[in-house]
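Order of writing sets the chain letters: A, B and C. Residues in each chain are counted from 1.
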Amino acid sequence: MSAHFLDGSEPGVEGLRELVQRALALEGGAAPRRVPGKRIVAVFLNPSLRTRTSLEAAGHMLGVKVITLSPGTDAWALEFGDGAVMDGLTVEHVKDAVSVLSGYGHLLAVRAFAGLTDPEEDRADPVLNAFVQHSRAPVLNLESARWHPLQGIADATSWTRHLGTHLQGQKLTLTWAPHPKALPTAVPNQVLLTAAMMGMDVTVAHPEGFDLDPQVVHRAADLAGHQGGAVHVTHDRQAALKGARVVVAKSWGGWSGYGRREEEARVRAGLSDWMVTEADLFHTRDAGFMHCLPIRRNVVATDGVLDGPSSWAHETAHRRMWTAAAVLERMLGEESPWSA
Amino acid sequence: MSAHFLDGSEPGVEGLRELVQRALALEGGAAPRRVPGKRIVAVFLNPSLRTRTSLEAAGHMLGVKVITLSPGTDAWALEFGDGAVMDGLTVEHVKDAVSVLSGYGHLLAVRAFAGLTDPEEDRADPVLNAFVQHSRAPVLNLESARWHPLQGIADATSWTRHLGTHLQGQKLTLTWAPHPKALPTAVPNQVLLTAAMMGMDVTVAHPEGFDLDPQVVHRAADLAGHQGGAVHVTHDRQAALKGARVVVAKSWGGWSGYGRREEEARVRAGLSDWMVTEADLFHTRDAGFMHCLPIRRNVVATDGVLDGPSSWAHETAHRRMWTAAAVLERMLGEESPWSA
Amino acid sequence: MSAHFLDGSEPGVEGLRELVQRALALEGGAAPRRVPGKRIVAVFLNPSLRTRTSLEAAGHMLGVKVITLSPGTDAWALEFGDGAVMDGLTVEHVKDAVSVLSGYGHLLAVRAFAGLTDPEEDRADPVLNAFVQHSRAPVLNLESARWHPLQGIADATSWTRHLGTHLQGQKLTLTWAPHPKALPTAVPNQVLLTAAMMGMDVTVAHPEGFDLDPQVVHRAADLAGHQGGAVHVTHDRQAALKGARVVVAKSWGGWSGYGRREEEARVRAGLSDWMVTEADLFHTRDAGFMHCLPIRRNVVATDGVLDGPSSWAHETAHRRMWTAAAVLERMLGEESPWSA
């Protein structure tokens, strides 16, 4: 266990439930526990709308200063190779940048997406882990190649808000969705892991060839098993939706699609019927519809789904502010965080 | 009436006068009415120097957090079409982005310039109005296709500071000026509307073909009429300057220039004598010279005008901080704003 | 003397020593002297990692708001020519931008690197000096064409921390280092000037043709002489390292290299043995190794040097936060700064 927040499992199952309850209390009007004098250095190597703004808003609630470094406006050609002779395009080694930046704040936050070209590289989550390795401060993951824990805790808070605290055995369906591009798997991985921690009955539905990393699926199945839940994987979308209490839609590039993205793109072009429609929701058990946003409307899901009464997508996005505040209270507060 | 601040008419004439007085009081040393705990999310879809910096400075005075999103550093390919099938280049619908962002703050501010390709689109002020439509918080216009109300109130404060509170019937000349490019009309529209609200005797001077939107001119004439003022339009620049107490210079692309900007550019190249010179000011009645900045020196106006004793351009730019503070006090304060 | 902080000489030798002591006290846990209600407008015309983040962190410690303008995200095609007819690419004259921005804060900070094309232009430090000329507020140099005073004071603090307050006569070697590109001389100039002010025995070692501006060397020699120190220049790297207590490595383009950078690049390609190695440090008198960062590892210095026990590079980078705070306390505080 560590003082970092990297994949959302760090607080443990009980710690996660406490964070969810705290986020709901904050949303309901409880006073934030202010930690004035603290600073977060937040490094965005990829663009961000919700994550950045909700982090800044949560920081403001707690009296915390967030120093934000944006992609593109600064020289960010970082070197990652150990022992590299830096006579090429990279201008600074990650070990130097991270060591220095982490000393200017009390928490170092970073966003760095998957490269989607090398499966083992993405599995190693190289940027996030280099930050962890070289940081003098706890590291907060703002979405990495592999995980998006601040999204995960917002999701769990919405499940709890709508379905109650007893999530064990409740059916959640994570369904692959169409998209013009191959996308990273940080969000579906996170949904899977978080739902598994809550002991939910998780079904992942995706077309053939659009599998998630089997290591992630296996880890989630293992976690779910210990919490009274389960993880199923299927290509039968209709069966997967049946009886679901939560439907999470997300597009992603398949784990077996590395190195053959063009072929995958051709297959994907024929899969537009994986778009979530209002008719799909009829097969569920009054399921709430979720998507992390941004969403391609009428490609991933219809306007009717997104703007209809079953959608929890926007309220969950708003909740990002309260859940981030709950996480920051713990990471920056007086009490020792989950590492204790 | 609404709680937004979109074209500066929302407070009404009396409300506008009160804002001007409050801005002058703040500039004179009155203590700002702090509204700590409040947040502004400010979305810049176009660059900004004065507006952004003065907004942040005004927010700081009031103890307000301003979260600024800059153009280019984030993914901002927004979709505006209702019902659009988003399988192309746009990555997020404005309704989703605005709904979420507005929930993270107590005020949503936005800057989005005119496209200058379709007159009806610019007239509809599509970005600003999409923000208004989908925001959960009051919207503050930081310059749209059509209006720039924070500039307008700074202008009105300078007029009041120099000419007194009784502005009715005082002569203000808005003169078109040369520029290498066709520019949006938000600023001249705003000068016209604001001066009309103050009941001034407004003359718009421009070369043939460089007319403002007749709808705006008509609305301003109507407003001015109710306040004891008037709006005149002329191509006779010398006559327009005669007796003026205020000369506002600004370049703009003509309302009738849509679809024929190349032809307009050729005409414009021959209009360099519309540059404001010190000699021009001799014809006025000790007029103050104004321009919203940034200004092309020795193209729009000479160095002599800008750096001379008649220029109110720089002091008005500084005033942007105090006038923004006066607006924020009302929009974020305890009392209900002008909507009440 | 002025209230600005441009080349670090403004506080005078005694003032510099006091700033160093104050920075060490802050680093040791002394409470910052807060100056709430103050604002800094920080204009970055070039990218920044350490300077920007440490400035924001220092500002936060003092309760000061830092409004940061980043390169590229705003329209920053500034005109510098007096009397220029601005019908080309520049959109705003520096005199207008600076006059306005400086009025929104209590301190104006600016970063603008050397152009490296015209020696007299770089010597004139045109952007920094235009800011000084037109600013209504004191100006803080965040690295200009010629100087980097916030780096200089951090360096002096590390020297004092390791070698004691009596720096007079202690040997510091500034050694040129390899790099794929010709770099500006702000940092080496600053090391030279600061060490001279502290009365150190300074040796500058560089290959033939990589001389620093003789005006800077002359000024430093003069200053050092008054403080019981000296400045030597040599091409004999081994002799220069011998007995040094501090080794500062930095690459730069030669003063005589203007106008023939391609030729210089060919020469530079053969100078890889100027890289600082652990073996080099054996010749010193237990010297600390310093570099301002970012550093090209295994080009400027080896991993062994940077990660070894002799390196003061990272601790000095961290110190940037405390030294910036010490400078801001003086520039923004109640007492008059060094101008008094």
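The rule is short, and it goes like this: a contact is a pair of C-beta atoms (placed from the backbone, for glycine too) under 8 Å apart; a residue touches a chain by one contact, two chains touch by 3 or more.
All of these numbers come straight from a predicted model, not from anything done at the bench.
A complete topology is adopted by the chain contact network, contact being made between every pair of chains.
Where the sister copies subunit B and subunit C meet, the same residue numbers recur on both sides for under half of the interface positions.
The centroid of the Cα atoms in subunit B and the matching centroid in subunit C are 41 Å apart. Annotation for subunit A: residues 70, 72-73 touch two or more other chains. Residues of subunit C touching subunit A in their complex: 47-50, 52-54, 56-57, 60, 70-73, 180, 293-299, 303, 306, 313-314, 317-318, 321. Of all the residues in subunit A, the ones that touch subunit C in their complex are 39, 41, 65, 67, 69-70, 72-75, 79, 83-88, 91-93, 96-97, 99-101, 103-105.
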